């Protein structure tokens, strides 16, 4: 059975050692993946000097290339993000923009290097915004080549206009916890399938001759 | 002081007499507007034979023209919608599509007939999705000519993955209720301003001669 | 190799025989899937008496149950939708709401009946709105159990504020056409994998005893 | 007639002196506002050391307080942002998060300090994403107290999957240019109205006594 690794990118706005609800949910995802035989680690992006941009290396000490290398070595990417104003965090958007560069990174058969990697999403907020945040992240990651497993997201938010943090609200075994279990089960299964039986390359023979197959 | 009318369009999926949480919040908005001297009424769209389309009259018994006439007679439009899958209801989207026709309805000075009308949004759901639903409705209504007052939305949703309805959860005087009060206060003020001092017409003289004014 | 079927739901607002750009792109997706050995058909939803609601059968002549039966017999669902006001059509939203019922339809091992089905998206508009429309549809379908393949969407829109339809703009072999090919290749591959090696059931033994595994 | 100032925040990812299409459209908005008697300036946010966070001053050399002071002195805020992956830029999201702090800044009568300020949006991209980006920005700014004028956004994007920049595509007098004119005309009018006749304060007397007014 294929050996699967996961990378959780925590997109909180706050540097360590400030407590982070996203980190708590990110760790719960890692733990649930661990029960499926998946190893991995979590990185708090804002602790590193990641630059704004849309290339894989913005130069001048940019910390993204090291994170990118870990991503390339993993089969599952988990984006853990807080919600601000009902939307994903700016740090999350910065990460997605850096992944835009994947659209020009292909193997020798013309497939994106992200093909075969599975993306999951973990979202926390005081109140409201989880579905939209999940949709934003999934759309962006799908566009740059990731596959989204069934029930590929987990989240917690409080009642409208409240201020409780997930870090204080957990555990939620019957709702968020169960959703996290499903995410882990499906992500691990799908990552194994796609590692063992990759997406086929596009039919470049036809593209080269200018003729359509079929 | 200008006489101001409001029209609340309730975009629930359920026909009368089924209870509707959107209708409850829509009525609370009407009551709060009443305290500001605004008269009005609420229509449950799905009780009427409104057709899919993007014109003002789709013909063949289409019920939209009667609702459209009431909208034209009002200075404040309130869209009250439930959340499904974190998004506005299909009935809400149907209403917004019918309003797309406003982009070709102008007065004799080239202004959209919706210019000067104020749009507010009231959203309810079991859990999550309010900010996104508000954003969807505001973007669409702004594009077709409505003005959005400060704090122009009110909402209620429960904690993540819960099933309580607003109809059972209310009243919420300290959160949703206070937000509804702000919506009403600001909508009424802005509608009066724009009724008494309308947006100026575009400088059609210059457009006609092909010269830009200084 | 597993026999795979696709169902394309065309969510145009216009009844047959009005021409539909969504139908054109939907057919191109079906053709591309055909090259991958996938059979299927396209249904124009608005030609059928589908009702607003969130159950699988709203009764009283509701046409959704027949479409639902075809969906259950397919391994790939393609949502083809036009863009209105930068958003998915109301007919598309109506379809997504009907699929909300899938959240309570499970097999005897507790898996959603949609698990293992692959969802793809095809979007057309005069101008702008494709990414957002794709994101809305993917988020909703993923939540109700569908898996999104890498590069699982294809689209065409014109330049900002223009009025050309896809039906007049095609063919676009180097952009939309190539994207459609990738969608078909990846969707067919993923549907075969998940048909032959389904997602595992949740560990209900532990749930039953109230003890956590691991 | 009230003296009106505008502040354009350019949310490109690229530092000066790199060319910026957002800056081009931002300047066109400023020029159009100038024709309405509005003075103002444009700031490229990424040229300044603005920090991630949700307070008005994140300390330690944070450059936001200076930008915030200029915003407080303006009556019109224009967010100019590029589109990445169909969404607003991370720099744009960082700015919106900093504005989240406005929710706790009120005058002595309980009104947000942003009340009375008008928000407009200018968006550019190679292809697709303008409506969604506009909606994201408007929803966030409306929530923190800004008012959105009728037709309060202008944008340009190219045809699907193309790579032309606005900086090379302009001028577009009949589409984006006309939209920019409408934005400026309406923003200036609304800012004057709200400066001369501010939103009324909430009825704190009733709140204090716990009694509702009639």
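Going in written order, the chains are labelled A, B, C and D, and every chain counts its residues from 1.
In this section, contacts are C-beta pairs under 8 Å (C-beta built on N, C-alpha and C of every residue); 3 or more make two chains touch, one makes a residue touch a chain.
These numbers were taken from a predicted model, which means no experiment stands behind them.
Common neighbours of subunit C and subunit D, listed by label, are A, B.
The minimal number of chain-to-chain contact steps leading from subunit A to subunit D is 1.
Comparing the centres of all chains, each the average of its CA atoms, the largest separation from subunit B belongs to A.
A separation of 23 Å divides the Cα centre of subunit A from that of subunit C.
For this pair, subunit B with subunit C, the centres built from the Cα atoms lie 30 Å apart. Remark: subunit A and subunit B have CA centroids separated by 36 Å (rounded to whole angstrom). Counting partner chains per residue, subunit B has residues 85-87, 131-132, 134-136, 139, 143 touching two or more of them.
Every residue of subunit D that touches subunit A in the complex is listed here, in rising order: 13-14, 46, 52-54, 84-91, 93-94, 96-97, 100, 136, 139-140, 143-144.
Residues of subunit A that touch subunit C in their complex: 34-35, 112, 114-116, 131-132, 134-136, 138-139, 142-143, 145-153, 181-182, 185-186, 189-190, 193-194, 197, 199-200, 202, 213-214. Looking at the complex, you find that subunit D touches subunit C at residues 85-87, 127-132, 134-135, 155-162, 172, 175-176, 179.
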